[in-house]
């Protein structure tokens, strides 16, 4: 369970003052998979940092079920890997912290790396990998952790289309298998609709929740058929127009009505 | 003009040895806009580094018309910005190095920042910006430089769909206005087809040029109509299947035939 | 291998030859010809002398250096990771840092007596600073995203120290340790100016006082050689400890 | 359930100064108590109050301030020379790999030679003038800066460096815009190390050689068995060190505002 | 720079730098300067205070200083190494009276050591190893019938000795004024008067110049020697003025200054005592294999 109430965050450094989040209120039920879209610089990363407890809000409140089972995939994947550790150790370390028995750890690490298509790179250092590979290491680390809450910040930005599709399916299957709560930030509207049970749309700065959309597609999805589904196309068009409205600053009223009628 | 002949690159560090590129041969004519796609980790970044002269090839040859007019947008946009300089100075510095007169520099910097939608952040430091904003600073820096050859490594990976569309149009209009040579790496197949005059497809490791495709769409493109064009859809499907073939390791023969018949 | 030998020995050989030639006819009592110094070197630094004077010095040096490294890193991490502690401790530390060892020694003697313990403390009191300062700065500079990653995955306490703070500060810690090495040698000499009866520093000071100038210079050369030898050892250790770092930094440079 | 409310305000700059003062105060109290409780005899370690009284006596004399001025002059000139030379040599050696390989062994040979061993040489060349103090100060402080700069130069982010290279920055521009800012935090540490080493050596040189300054006054106090005065003078050198560090910290906050170590501590 | 023999002359006035140690022993030169004995002889005097021979002798050899102050044993050692220096006049001498000398071997109040022979096998602090302190202390023990060979000497500054004796870090310490007063004030006892035991009216230290200066500017050396001798005689005759002048260049506590034992300042060097020191040094091996040539070092 995840609850954000009246969240406001202002960055102050020297004379510069940026209101990254104005007033966010929403909840994510336990076991829900929610996607978050919004224009660049609107405060998505800031929001995830607040939820993970890495950043204190300026005002408002964030309530998270149990932070100890929380994993996060950072947008800055390259900088979030420990350069002094091999790929294997990077994935393994959080598990060791969690005191997972050794044999199980080995299993989890191997599985996770295979799932993201990184067999054979276990003993390489992160900086010996391509950008997309680094990003997949960060994903593998979160996945192997088997978190109860998973925050992902544009986790597939650096991988190719095919790998992306595979990873999307990986996330959905993990979610279904482990029943975790997932908050997934993406810029790809199709991806948001394909993955989520719900899509939260943030406005441009000053940031509020502009709209939300329940994705009433069947729970069993697959790349070919789901994306071809006319309902899918309708939904993605709706998100697209909402986001465009957000960018151009159109009041969210009308569009909000539209989509809420849809739920 | 840009010519790559029998390029091979092997990374050696300690006992690990990775053949990033096996044998690449292709040319990009002066003033051409070529997109490069390929699975994650296949060596696209390595190729760009070799072209820019930042990395020496293990064997083979890279000929570049005039490297002095070359600009590059790195995949690791965050680390390629100087954290000790404001956004303005980051964009301005290469121009100063090029000895552009002051007034013109001010103009170019302002124009470039406006074009990528970053008005008002001139005096912020890169680490005060969101991921997408940082990436746009890196793009603005390359654009302001008015290079004769522009190498871009997944330059829109971190920005939202709408901004991405705007930036795509920006790149095309700049290219048409300045007549520069552009080599554009992307994971988005639609983007590759929408932007390029030609799409080069790399195979998975061991990397060779798997296929190439001439994009016979009209020179005047726009987001709504071009993407709806049936020809566009055909082309993107072709690229998609080729890439899938590359990933699964299918011999490129058959698919290559298919697409070459198309040219 | 030969190239490396050439690089290591090239400049020193040139300098020694220059010195040799320039000093050949020196009349100055305090700057005797290098010829004489080298002769004195052979006569002075006999195996017994090395055992009697250099070994005890090295033992004190080693003990002091290790202790300084331990204290410097431990305190440095604590201070670097905790802004409040840093604010409270910094002025006191800066205070002691500015007190010259020769005037500090008498105070240390009050508490630590005049034995080897005092000399070790003197060495520690001088060479802990570069380690401490560099560790503090290194810890403060830990990448924000990395620190967030560690926090998000529950890396706290000892694990945070072992897997985040120390490795990420290690390039700077190593720089500090490198600095401290030569300072330790310097302080070994200073500590042996007080209440000592053997040791390399003691011997050099004795030579200086008894006007055995060529012998004194030979001692200084021995100090230099010692410093060079230790720094070579250090370089090997650094290559090993910072393999990831050098790999990372060289990754793209090597073309 | 974990809930995060509004961020608690972190230590404000004023609070930082207060903390530092309380640290110093703790030291003063300790030194007051040690002799008073008889743990050490007060004739060898006088309590703070007596030391401060002696300090006040000293401060009332003009000769004391002349000595402080002499020491600070030697310190400032020596440090300036060492920093300029150390940074210049460090950047040059660091930026040119061949130079680095060629000089490494010589640097390691010269570095551990203690300044005190060079005293006869200094006296030989400059007597007990400012020159001999400077020689010792510069010799000792130079290495501190040099080694830090060398490590700092090696810390350049390869991607940042490649960015500069791809935009055809010349060697000078790469040093100025990439290498120098990267090395700057290391340089700051180096300068702070060198600043106190320079102070230590200025005082030591004055102490042993008798060049005018605080050290010479300390030497007189020592040979006169004036223990309290000696401690008062030691306190002065310590306070000079604190003042110098304050200045360095101030400069750091100004010049390194962009650096992780400084921005990481801004209240969020 | 300057190996200019007599310093810069300005209207016939020679600028002269003298390297001294800021202790009681050099009071005459300050007193003489105040009395104008040097100015009368067209000498403009500057005192340069160093901590010991390591700083002063190179200064004199290189001409940075024209004259220097050093103890006799150090000068004898310098002679055996052919350092080009030579004594010009006397510096300071022992009072020659046991119980009333300015230096002695002290122990703690409750120490079992009561006479010089008891020092055998003990740990004794001296300010410099292999120098005048340890040779004369050995002689005290030897004369009292003890065996000096088992004594361990430890080097530390005089100022630290009272604390070291008090804390038991050493069994005894050879101290000179004003530290001697500090020890006795704290209840310490003097068990041996080593200067007195070594030789009657021992010459402890002297002023010296470089051989070069002596050869190049004998007139300056002569004027300095005369002025110095006048100062020595004056100081010896006016102990009160000596105690007063101490306040100008030392930080000795005024009370201590009034009470401390002053040394003797004869103008003549006591040659037999120098010979004794040379013999003692040779006996203790501090000259290595060489023997000092007194003719070369004494005027």
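In order of appearance the chains are A, B, C, D and E, and numbering begins at 1 in each one.
Heads up, the rule we're going with is that a residue touches a chain if its C-beta (ideal position, glycine included) is under 8 Å from a C-beta of that chain, and two chains touch if they have at least 3 such contacts.
Worth saying up front: this structure is predicted, and the values here are computed from it rather than measured.
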Next item on the list: Would you pick out the chains that touch chain C and also touch chain E?
Entry: D
Next item on the list: With centres defined as the mean of C-alpha atoms, identify the chain lying farthest from chain B.
Entry: E
Notebook entry, point to check: Across all chain pairs, which one has the most C-beta contacts?
Noted result: C-D
Note to self: Using Cα averages as centroids, what's the distance between chain A and chain B in whole Å?
What the structure shows: 26
Note to self: Just the number, please: Cα centre separation of chain A and chain E in whole Å.
What the structure shows: 83
Notebook entry, point to check: Measuring from the mean C-alpha position of chain D to the mean C-alpha position of chain E, what distance in angstrom results?
Noted result: 37
Notebook entry, point to check: Tell me, which residues of chain D touch at least two other chains?
Noted result: 44, 119-121, 124, 159, 162, 207-208, 222, 230, 259, 263
Check: So which stretches of chain B touch two or more other chains?
Finding: 13, 49, 54, 76, 79, 127
Notebook entry, point to check: chain E: which residues touch two or more other chains?
Noted result: 54, 58, 61-62, 157, 159, 163
Item checked: Contact set on chain E toward chain D in their complex -> 1, 17, 19, 21-23, 48-51, 54-55, 58-59, 61-62, 64-65, 157-159, 162-163, 166, 178-179, 181-182, 186, 249-253, 256
Margin query: Show me the residue ranges of chain C that touch chain E in the complex, using the header's touch definition.
Written below: 28-30, 106, 109-110, 113-114, 193-197, 205-206, 208-213
Next item on the list: Note which residues of chain B are touching chain A in the complex, please.
Entry: 11, 13, 16, 18, 37-45, 75-76, 78-79, 123-124, 128-133, 136, 154, 157-164, 187-189, 240, 243-244, 247
Notebook entry, point to check: Considering the complex alone, what residue numbers of chain E touch chain C?
Noted result: 52-54, 57-58, 61-62, 74, 77-78, 81-84, 125, 128-131, 152-157, 159-160, 163-164, 167, 169-170, 286
Note to self: Please output the residues of chain B touching chain D within their complex, sorted ascending.
What the structure shows: 49, 52-54, 67-68, 70-72, 74, 76, 79-85, 93-94, 97-98, 125, 127, 145
